[in-house]
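Okay, so chain A shows up in both of these, paired with chain B first and chain C after.
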Partner chain A sequence: MSEINDPAIVGHQTPRIDGEDKLTGRATYTTDWQVTGMLHGYPVPATIAHGTLEALELDEARAMPGVVDILHHRHFPELQRSPNSMKHGDQVSEVRLPFEDERIYYHGQYIALVVAETFDQARAAALCVRARYRREHDVRPGLLSGDAEGETVDDYSRGDPDIAFASAPVIHDATYTIAPESHVPLEPHVTLAEWHGSEPRLIVHESTQGIFYERNALARIFDLPAERVEVISHYIGSGFGNKLFMWPHAVATAAAARLLGRPVKTVLPRQQDMMSTGQRPASRQRIRLAADPDGRLMAIHHDSTSETSLVDRHVDACGGATPSAYACDNVATRQRLLAVNHGTPCPMRAPGEVSGIFALESAIDELALELDMDPLALRLRNYADHDPQRDLPWSSKQLDVCLKGAAERFGWAARDPRIGAMRKGDEIIGYGMASATWFAGRQPCEARVEIRADGSLLAACGTQDIGTGTYTIVAQAVAELTGVPVASIDVRLGETSLPAGPLSGGSMTTATALPAVAAATRDALDALQEIAVGPGGHFAGHDRASLEVKEGALVAKGQRAGFAEILARHRLGSVSGKGSAAPGGERRQYSFRSFGAHFVEVRWDPGISRLRVARVVSSIDVGRAVNPLAARNQVEGAIAMGIGMGLLERLEYDPRDARLINANLADYRVPVHADMPDVDVELLDYPDFRFNEFGARGIGEIGLTGIAPAIANAVHHATGKRVRDLPITIETLLDSPLIMT
Partner chain B sequence: MKPFAFSRADSLETAVEYRQAEPNSAFVAGGTTLLDLTKLDVMRPSRVIDINALPLEGIERLGDDRLRIGALVTNAELARHPAVREDYPLLARAILAGASTQVRNMATTAGNIMQRTRCPYFRDVAAACNKRQPGSGCDAIGGINRMHAVLGGSEACVAVHPSDMCVALAAIGTTLTLHGPQGEREIDFADFHRLPGTTPHLEHMLGDDELIVAITLDPPLRPLGTAYLKLRDRASYEFALASAGAMLSLDDGMIGEARLALGGVATRPWRCHEAEALLVGRRAEEAAFTQAADAALAEAQPLSHNAFKVVLARQAIVRALRDAREGHP
Partner chain C sequence: MQMSLSPPDATLTVRLILNGEPVTLEVPPQAILLDVLRDQLHLGGTKKGCDHGQCGACTVHVDGRAVNACLRLAAMCEGQAITTIEGLAEKGQLHPVQEAFLVHDAYQCGYCSPGQIMSAVALLEDPEAATDDAAVRDAMSGNLCRCGAYRNIQAAIADARRHLESNAQQQGRQP
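And then the complex of A and B:
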């Protein structure tokens, strides 16, 4: 492995290679796929959250035009559950199979799948399915509707926090909550399943962040060898985590296709997408900080509870970032889990940690106020210059550069720390800041690269591009190593017939896929060089080590032969290289994390209770950003999402019966363009070669961490009201001492 | 969406005949309410009657200085019409504060008046809703009612009338022209929407075989200061938590005529006559504005989650009146 220094293409702004296809509609999303003879599935959701399905009345629906069949708990094949193992690559989002029993565990759980000739026919018939339930009254409406804490599933400690608390001169102790949030990917979940042959093969088109996980899970569930299942996902209209692992609609759709002997496509309507394909679960977190009068942290307690469903276990580990966040000898975290009558939650962008960082970074701000310190100074005072959790050096940590640089660009020094002291017209200005962090991880990965007779290259890897720009960075990596322009590099992703690639999750795709692509590129170049120095070659008799790769050609001693010329001379269509990469021993030597800082200005008009985010200044340290254009886009999008988390987004479950009442895009509020503030994102450029040869960590999630607490801290500065419950709706500020009513 | 028959009406007479022949039919113009609610199975028309070909376009000034607006004029068209922008800025601002560009391009004037509530329990056929299914109860009153009405509600229904445009129509003074089997009749906009009372499914005074063909705005106030202030969770594409439409004509700082209406807080477009009466003849200053706001909200009956709307509505009134004063020529 050689470090890629002074790169020509990597690290430079590169327009998406699939941008034109997406803009012109040529990019085929799963929803767009049409197959001859295809039927359409439309699930029927349960209208209660807790009870038993007593009867289904299907006669009216069956008689509707175009209806082919209706699957349900008494008319569904016997299937096996997936072992549901992350380690073994067959994890699913909800392990319970569709229609497995007659229990109703959550509102929106599928009770039937109507299959018809057209989508509209399937939907019309689905509305005619009548269900009779026996409701039960001991419903569990949600963590935040009660005070149950659930079972402990994980804990961590170092030092002795309790002793430190007993003697600490300054203590902060507060509880923070976050409402459940929906991922709201632009493209809803969709499955198109078709079966072929007497020794059956299952081909599934799915909008998924993990084609191999879905393939493996389908193989287990339908009892097939994995080689006979293919999952295809060329374009994905984002997922934010709720497309990582397969949901029951895919199983129901594949079962329907097998049963009926025809391809079946199921596109979830938005309502069902929000009800039954996961959410960020609600959390309640208690943070206790102990400090000396100079602001040195003596101890941290971080106790969290998150929700899961009654049919699967998803742990949203809120305390994940806390043990390594600050230099502090005594730290304890505890994670609890409470099962409620909601659909199964799942990871959502920066899962767990983004929630934990809201609590921790709010608490740090509160501590700074108690100590009469600048919150920025308090963070620098407790700066962890090595990883105190693992007692290892950081591979590269530029958080201090982020904090100071963003503060400078923001104008933090001009802040008047008194509450409500900064005004403009009717508005009070509030400043707040918070740190951001997300772990850097890598997975094993394989790739293939072909050099082709027309001078173009093909790079193939069984990962997928969820809209973040994976196609483009793969092309950049190949271009960097071959000198062939990005425009002449084809990239194939999103098929399980390709070399095994990673899940698009955890911000790990860049660091996972690019080293494998680089290895495959070098292997292909090696094959070409072998031919070129062989009998009859352009460089016959040369030492291979003397050959250089330059601008799509091999070069030695003033002589140059293009890749295409070499292949043509030997009448070869292509040469191919394979590569694989995996994390190595570096994890035992270093801790790997990305870091950042957000500074937020809010404007609050106490005469009309209007609260808006006016300005965000961020500095982000992810090593090297392979494509700064797409990387900046990730952070800007994360800031939008953070404004939603901070001020707007909340799935509302009726506390009487746990029914979800706002599963639509009008009543579940995501930020719109008019909510977007001035955004100034700086991407630092400190390549992390201890992590991989590209120096890149990953950027999908870090931008979201720290936005919500920076907003909450700014809201406090403007209003004097400390809001510890997200989202910060405007009514929570009505008891501010500065309100005008 | 369940199957339905579809017909195009080529005259007012045929439109009415279709309705008379099939009581469970529905007119469609822009479709921004009907299609949405039909997909949700909340509305189940047996026949949809397309009225877009009817001659209900056009905006014209009448001899008495009133402005007549065809029922099929789109919200976008209405908001950008020079006569509206010049003489009825409150109407233009209220329309532009609502929905999105795409929706305003489709939605019509009469359709906006006829739009249904956004109450989530109304829009969910599995919930109890007296408006959707008379006698079934109201899940909102004991449920999540943050968005619901604090004015004009009843024990049967607290659903908000969601229109911004109608707030302006209420303040301006508007007459509706309806067409039915007996020809045309007129009704004051103030009498058109009903309070829910014990019959929340009856939302307006339009007969089963009638349709709105035009609306006519009262003559403009001159000189006029005007403001439409909409308070909401996000900055756009969002229904009001509370909105206030204010019109003031001032003479040397004294209020000559005052008009005030509220949105987002009431079960129907809500004109504040008592508040207006308190303003007339007073100096246009905060004391008067606050008193007007108190009067406007005196009858407010908040629910478990929306007491803040009373505060918000007061704030909206005081600020809208101030802005109307500031905008006065």
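And then the complex of A and C:
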């Protein structure tokens, strides 16, 4: 592996190569796909959360114009479940097949799929399907509606925290909760399924973060060889985790298409998208910290419970980042799981860790106050300069640079720590800060690169661009190694007929895909060089090793031959290279994580309790950002989402019957333009070559971690109220000692 | 008594100007402008994010004003000029707002972008609209961007405004 030092294109701001298509409306998202003879599916959601479906009355709906068929539990093919294995690449979001039985486990569970000639015919008929239920009353409305603790699914400990707690002079012990959140990707979930031929082939267009997982799962479910299923996803209206793995609407749609012998497209209406394609589950976390009077952490206890559904077990591991967060000899974490009558939760941006970091970084702030210490100084005092969990050195950790640099740019030193002491006009100013972190991982990946007759290149990899800018960084990597401009590089992603690529998830795509693309590029260059030094070649008789690659040409001893010239001389349309890459032994030598620091200023009006985030200053250490233009955008977007998590977002389930009350974009509030504060994001540039040759660790989730606790800490500074429950709504601040009455 | 939601069979004839071209449509009376654009006219650039007027992804111009196409019956558009994202670039040249979006990376997934751009163009062309940053943020708040590219969108709008103003000045100087 050769490190890419001093790169010309990687690490430089590059406008997206797919930008013009997106900005002119030419980019075809799955919702936009149309094929001849296509029918429209519209699911019918259960209106209760717990009970049995006793009867469906379909006559009226069936008689509606354009209705072709209605699928339901008595009219649905016999299919097999997917084995649901991450390792074997067939993980799904909900294992239960659609309409599998008559049990209702959550509000919004599909009870039928209406198929009609047009979208509005399908919708009109779906609204005429009547269902009769037998409700059951032992409903489980949600973790935060009761005090049930759930079963333990995981724990970790080092040292002896209990002894430390028994003797510690300072102890902090508090419980934190986070409401369930909805991903709300702006493009709802959508499937377009078509079957071809007598040896059936299934082609599925899906807005997904994982084409290969969906392909493999569909192959298992429909009992087909995987190569007869193709999943396509060229443009994705984002995902944030709820498009990682397939949901039942895709199975129902593919089954309908097979049954009816026509393509069927189902676009989930927004309400159903919010009810039945996952959410960040609610969590309750108890944090106990023990410290000496100088602020040295003696012990950390982190107990978490998160929700899952009654049909699947999704664990949102809140304590994941805690064991490596601080230098502390005695640490214990425990994860519990409670099954409730909600749709199955799923990973949502920085899953688990973002929740755990809210609790931990709030608790650290509270401890600092108890110790009368600056919260920044307390963090630096307990700085983990190696990974205490795995007892390994970090590959590269610049958290101290982040903390100090962001503090400086923010003006942290000018903070008056007294509650409510800083004011401007009618508003009280609060300052808060928190650390950010997210693990760095990579996966196996394959790629193909072709050098074409006109000197342009094609790079192909079966991963996806969910908006993070994957198309562009792949082109940058190829451009870096060939000297061909980014504009002359075509990138193809999002098809399972391409070499197998990774999920767009876990912030792993960059570190996973680029090394494979680089290997394929080198392989293609190799093929070209072999031709050039061979009989009749431009460099016949030269040693292959003496050839250099420069600006789309091979060069040796003052002689230069462009890629196109070489191919033309040999009457070749193209040469092709294959590459693959996978994590190696580096994981046994180092721990890999990204780090960051957020400093937040809130403004609170004690007259009307209006609360807003006014300013965010962040420093982020992700190794090298391959495209800083898109990478900074990722962090800014994560800050927006963090403001949603901190102040706005809460899925509300009725405590009486577990029905989801606010499954729409008016009642479930996401941040809008007016919520966006002044933001100053610095991306550090410390390439992590121990991780891969590009030095890149991935950028998608790190920015979200730490925002909510920085806000909560700032809210305490402004109002004197410690809010341990997200979101922090303004009514919680009405009993602040500073409120004007 | 239950009201039937069954759509009537009859269609209406609607004449409108779509992206500068006269178009005659046969639509059922209940047809929604957004569905007609996307499904009948194959103009997929205008996106559907909610169908309830809550996200702004479907924003188009009706006689120069930004409108949520999901809240409008096609039958209401008789005689009106509709512009969609497909009609914004002229002769293959990006509109200055599109150009500014590209330069400022004012998007991620791009699904909200057509709506953001149509709202921004309408705002910049509205002589009554206030031009300070807070007013722009306020005016754009009906266009959700779940990717959160808000700052870059705001920067792109400010940049496009400068560009359009200097264009207008140059044109003003010409005889």
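One rule holds for everything that comes next: the second predicted complex is superposed on the first by the 741 of 741 C-alpha atoms of A that agree within 3 Å, B and C clash if a C-alpha of one lies under 4 Å from a C-alpha of the other, contacts with A are read in each partner's own complex, and residues count from 1 in each chain.
What we mean here is this: a contact is a pair of C-beta atoms (placed from the backbone, for glycine too) under 8 Å apart; a residue touches a chain by one contact, two chains touch by 3 or more.
This is a predicted model, so every value here is computed, not measured.
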item	value
Touched partner set for A:T118, first chain B, second chain C, both or neither	second
Touched partner set for A:A674, first chain B, second chain C, both or neither	both
Touching partner for A:V184 - first (chain B), second (chain C), both, neither	second
Which of chain B and chain C A:T468 touches, first, second, both or neither	second
Touching partner for A:A148 - first (chain B), second (chain C), both, neither	neither
Touched partner set for A:A666, first chain B, second chain C, both or neither	both
Dominant contact partner of chain A by residue count, chain C or chain B	C
Partner chain in contact with A:F240 - chain B first, chain C second, else both or neither	second
First (chain B), second (chain C), both or neither touched by A:I639	second
Touched partner set for A:L648, first chain B, second chain C, both or neither	first
Intersection of chain A interface sets (partners chain B, chain C)	65, 120, 124, 127-128, 666, 671-674
Interface residues, chain B side, partner chain A - complex	1-3, 39, 41, 118, 120-121, 124, 126-127, 139, 142-144, 147, 229, 231, 233-239, 241, 308, 311-312, 314-316, 318-319
Of all residues in chain A, those that touch chain B in their complex	47-48, 65, 120, 123-124, 127-128, 607-610, 612, 647-648, 652, 654-656, 659, 661-662, 666-667, 669, 671-675, 729-731, 734, 740-741
Chain C residues touching chain A - in the complex, by the definition given at the top	4-7, 9, 28, 30-32, 35, 38-39, 42-52, 54-55, 57, 84-86, 88-89, 94, 98, 101-103, 105, 107-114, 117, 134, 136-138, 140-154
Of all residues in chain A, those that touch chain C in their complex	15-16, 18-20, 22-29, 31-32, 34, 64-65, 118-121, 124, 127-128, 183-188, 235-238, 240, 267, 269-270, 466-469, 629-630, 633-634, 636-641, 664-666, 670-674, 676, 679
